[in-house]
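In the two complexes that follow, subunit A is the common piece, with subunit B as its partner first and subunit C second.
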Partner chain A sequence: MPEGIYCNKQPITTDEALKALLSDTRGKKYYEEMESLEVDREKLWSSIQKTMKSRMKTWLSVCARCGLCADSCFLYLVNDRNPEQVPSYKIHSTLGEIIKRKGDVDNAFMRHAMEVAWSQCTCCNRCAMYCPHGIDIGIMMGYLRGLLYSQGFVPWELKIGAGMHRVYRAQMDVTTEDWTETCDWMAEEQQDDWPGLEIPIDKEDADIMYTCNAREPKHYPEDLAEAAILFHIAGENWTVPSEGWEQTSLAMFAGDWEACKLQVQNVYAAIERLRPKRVIGTECGHAHRATVVEGPYWAGRPDGQPPRPYIHYVQWVAEALRTGKLKIDPTKRIKVPVTYQDSCNYVRNWGLAETAREILSYIVEPGYLREMTPNKEHNYCCGGGGGFNGIGKFRPQRNKALLTKRDQILATGAKLVISPCHNCWDAIRDLEEEYRIGIDWSFLKPLLIKMVVVPEHLKPKDDDGDA
Partner chain B sequence: MFGKIVFATSGAPDCDSAARVAFDMAGRYGSEIVVFHCLGIPGKGDSNLVLDVRTGEEVDPDEEYLEGVREELRTTYAIQLSACKNARIEIAVGNPSREVLRAARKEDADLIVMGARRAGVEVGGFYRRGVIGGTHRKVAKAARCPVLTVSRPAASFWGGFSNIVFATDFSKASQSAFKLAQSITRDVDGELHLFHCLDLDRLQSPIALTQEGIEGRLAEARRKIQVEYAAKLGDLAKRASIEVWEGSPYVEIVKFARERQADLIVMAHHTRNVDPDEGPDERPFGSTLEQVLVRATCPVVSVNRPDKLPEASEA
Partner chain C sequence: MFAFLTGPMLWLSFAIFVIGCAWRVVKYVRGLDWQLDRVPYGYYRELAVKGALKSIFHWLTPYGSRSWRLKPLYTAAFFLLHVGLVIVPLFLFAHVMLVSERFGLSWPTLPAGLADALTVLAMAAGVFILLRRFALPEVRIITTAHDLWVMAISLAPLLTGFVAAHQSGDHSGWLLAHIVTGEIWLIAIPFTKLSHVVLFFCSRAQIGVDFGVKRGGQRGRGIVW
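Right, the complex of A and B next:
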């Protein structure tokens, strides 16, 4: 059973293995080795028999191949209505075929399936809304990804990403020390402007436990500072856990279900240890899907819920604005044409479309919001979801996929795109770099900080210079 | 005086003057010097790609690439490094301002030395959007230790410093800057010029200013300098002068420094200034410090906080 040094069926479990895989620039050797990676047909078939739920079996068998889902898929549309991009075709020609052949598929088939699973579907679940039978191709693609991952057929970056979760319980190599140090650092940096501001670590029984995306402490720690500032202004009693702070899951994109479980259990353990009244996640969309929507099932929680109520950042913001914990200075509202990117992961998968609109009603001057068409739960994926953003091998396909969002934004005439989801944010940044349409893009936090009314008692005393 | 210096460099020629000053100081004070380079900005999504700061190209920051960058820096600063016993090269990936601050914190630096890019030489698009353009501003604003910026071939070198201009706006941050100015003046046995500029742009309306009104304010500022600073100088008072002008602060500070043939300007960058990054409207104006940085012919050292100020050596 030939397995490569870089490309094999073993998950990454040590720092050394991670570094070794990373050192294989752009996965060159990895993909070379993949060409001769053997398929363990028996294992593939037996795991399908063990794990494939009746729901999926039913879906595959009831699908009438009517093609009504075709137009719902942005990848079908953007690829000139290529029949191979019809959602049902994508799944029947891959997962369906593996099942039909009882796992008797070869290497070339698996590599093809990998390409379909990661470059022809972002698991955005849009097609499910249009299928008369409610068949969700995105969910089945996720399942297919799991099968492919277990056989070693997974894009290089996602093998690394899943490995990061296994080794660091974070999508990047951020250790507990790095994390707590970053919290201290950010609190210190803000204290001149925000006297009394803290980022409390491991405070028990707080009202809120906050979790985030490892990219924040790693590259954009100001995001953490901004969260702290807004909690501070709102007068929240909050904390972050020293362990279990990372809410995202590249393992979910990779189809590494075991790593998904390890990751989410880590967060749930923090909740159980610190007993907050509720948990609030950062703006990231897939983080919410991983930890709140799907996480309970990975962790085997009987009630299908995280240990404590766990809400998305837009829910907290909407609530804070509604209850007056945060007040917006009306003169500072956004007065440029602006549009909102609905993240599939918390709009379609968690029903927060109206919650997001509620926030917009506070922060955008009436008349300046230009909705995309379609929008809310009907919105298209940004083009970079499901891991697509990060996979170098599929960059050309990804760049093409960005066109849907580009055209949607162009049609609004907006100059600013509000995009709370980190992944959508990345995709919008990339589409601007790629196609130069002259837009800005922003998370919610920096926008809110610019326009929120700061209570007198929180303003810095003494000083300040007039230069 | 400065035990550990973090010299943040792009490795490009526009950092050469800063390099000279940084290594010169390290030599003179026997400081440890960390040559720090942030090579790129995290690239596409969750991928491992990095956009190289200088070229804007996508690169893979693998060991080979990192070693290449290290080697380049070693070559660029070969002479300085060989003359310096206690020097080290560190590289990082991330947003430059953040990574410089992170390095300064990790190293517990006593001073950050940076070269400044002149306006207009930034790479386009994403870069201009406050990623690199704001590097200085962000570092100067948030650093715990003094930040020395050298934007032009330095008129003189550290050690040859003798004329120090301390420009104040009477803020709390200026207190820290004053302490620093004092230490440096003592240390180099130089002269200290205490300077304030009455900001006429800000004073316009509601009171239409009469010449008399301006005179009154100038006199008041002079008194304030006397009380808040000059009176605390002790033996240094003999070597200090006071000057108050009116106009646009950055213009006057630069003019004054040139007139006094200053070889160092010390001032604060206000932490609480409106961040010029914030909106397109504020962007072109920038803060006083930033304007001074790009216009001054001598190095500028800024500090906001009292945390990490050097003690003057006993001369």
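Right, the complex of A and C next:
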């Protein structure tokens, strides 16, 4: 069988196709079909010839095979130093092999490569900082994922995820109506506690355009409400676009570069339409990487920048605290041992290590912060990055990967983990469920709302009418 | 024979080395693609240069990167080997004399004792790196025959040169072997992994620009990649 009904080389482009694939519970038939999916060897080789440029060729050919990258990879360490988890090995035994054989690889090889690409690397880029040649295995894994995706060898959930972006321009089936209704509903819900609070949609020339992660409107609409409350307290002139509000990219995890482009263009179109002074994204780490760090290249912007300055939520919070737009009530600061999870995507890939620490200096009572080792740019991935969290097939491997973060957290003795990145948050939630170490975990927004000083004029008027 | 090896063959070796290396660099630069690589090479000139130089500098400085500091022994071996292969031949009395006899150019030379010591240390470092390859499972698994050849090609001129220098009488077989292995080494550089002689600078500059401009370098802190 060259291509299956569920598992094939066609990207998902319609709602029906999405629903059909979703109906295949846990991708049972999908993976069955994958076992006889044919590799289009010619296409594989020709796309390598077109897209593999000197940087990656050089990385592959000059790798000194020194193994300095081994210890830098948390997956190598947590898997009992299994040599097959050495970053250099992972890429040379997959991408390197495909190239050596000029694309002449079989089905079993591709399925093995899929397993390596999605369950042995979270694209955290940590190894890049430890290699004498500056070889970034995470980037090459991303490239390998693209090749595998184009041949239909992609985990079921990510095929769906990329399809969601193609059909809905969101990682979940949230339509424009769903989204704007959620905004209205959340604004209404807050009216009693926050008179005058709004979630303005499509306001032109605002100071801030806010974008988020589709999971928020879909599953945690409170997150959107919390963003609104904090902007309200800070007195910001802000808006959300009715279209182009979704900032994440499961397509990036899937290696579906075309869908990545479609997704990010949608956000950039909103920026160009509404002309905000700048854009602020939510706390999600990979969303930031997709739309701000990588996105400009997908969209073909030669300066590597989105159409307007686009900052991560951590940057906005730090700035709001620094300038006094948000003031913290010192009596409400965190007074339990607390640690901070640095998200690879905006620490190693956007330089926000110190910015995050600045926030902590406002919200944590001195003496209660327990840093993880290593931390900041040298932190380890939470264990669920690069799509790992969402792939049922690789759940056992993912659970093993969580041990790194579990042990790091345990070593700090912290009771609370602050984790702005949604994906890290999920991983930490899962590790608590899996290993029960007795910790709490939180995004920034709910913590801030608990301790921020609310200006008198924003407080609800007393019901007795004497205020 | 001797005349050929020290005459036309030497010239040819140097020519292949220089042109080959230049070709590798040209090909590297021409094969960069800002969109596929997702790095804005042409923009932010100042940040880019800063990122590139910083990256190169910290990795050429012994213990200048976190990775070097975490692997003190390997780092020592790495630098000793490279000093022996790059610095010693350039400042070796015998080599400088040859150049000055032929071209009248000359520059300071290393004291013989120091040159000897560095050569021995470099060979020891090479052997250490080889043994490490087999001793550590994480390095063994990625080791290929190519890596062994490259090391053999690199150590051969050191060994033969050292013995030749300590033999009495000239035109000995060792001197001949030294010249031949040196020429093989030069010719191998552009065609093997030894091309890192130049590609190291390309790839380090590239990642320096990548991190320095795009991935966080604009937001201040002194991160070293």
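Convention: the second predicted complex is superposed on the first by the 462 of 467 C-alpha atoms of A that agree within 3 Å, B and C clash if a C-alpha of one lies under 4 Å from a C-alpha of the other, contacts with A are read in each partner's own complex, and residues count from 1 in each chain.
Following the convention adopted for this analysis, contacts are C-beta pairs under 8 Å (C-beta built on N, C-alpha and C of every residue); 3 or more make two chains touch, one makes a residue touch a chain.
Since the model is a prediction, treat every value here as computed from it, not as a measurement.
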{"item": "Clash or fit, subunit B versus subunit C on superposed subunit A", "value": "fit"}
{"item": "Which superposed partner A:E226 touches (first subunit B, second subunit C, both, neither)", "value": "neither"}
{"item": "First (subunit B), second (subunit C), both or neither touched by A:H92", "value": "second"}
{"item": "Subunit B versus subunit C as contact partner of A:K450, first or second or both or neither", "value": "first"}
{"item": "First (subunit B), second (subunit C), both or neither touched by A:G384", "value": "first"}
{"item": "Touched partner set for A:E283, first subunit B, second subunit C, both or neither", "value": "neither"}
{"item": "First (subunit B), second (subunit C), both or neither touched by A:E236", "value": "neither"}
{"item": "Angle at subunit A between subunit B and subunit C, C-alpha centres, nearest 10 degrees", "value": "160"}
{"item": "Minimum C-alpha separation between subunit B and subunit C after superposing on chain A, in Å", "value": "25"}
{"item": "Complex contact set, residues of subunit A against subunit B", "value": "22-23, 25-26, 157, 160-161, 171, 185, 188-189, 192-193, 215, 218-222, 250, 384, 387-392, 395, 423, 426-427, 429-430, 432-433, 436, 440, 450, 460, 462-467"}
{"item": "Parts of subunit A lying in touch with subunit C, wherever the complex brings them together", "value": "51, 53-55, 57-59, 61-68, 70-72, 76, 81, 83-84, 86, 88-89, 92, 125, 128-136, 293-294, 297, 300, 302-304, 347-355, 377-378"}
{"item": "In the complex, subunit C residues that touch subunit A", "value": "27-40, 42-43, 55, 59, 66-67, 70-71, 74, 78, 133, 136-144, 147, 193, 195-196, 199-200, 202-204, 206-208, 210, 213-221, 223, 225"}
{"item": "In the complex with subunit A, residue positions of subunit B that touch it", "value": "42, 44-49, 60, 62-64, 94-95, 98, 101-102, 105, 125-126, 129, 142, 144, 169-174, 199, 202, 249, 268, 270-272, 278-279, 287-288, 304-305"}
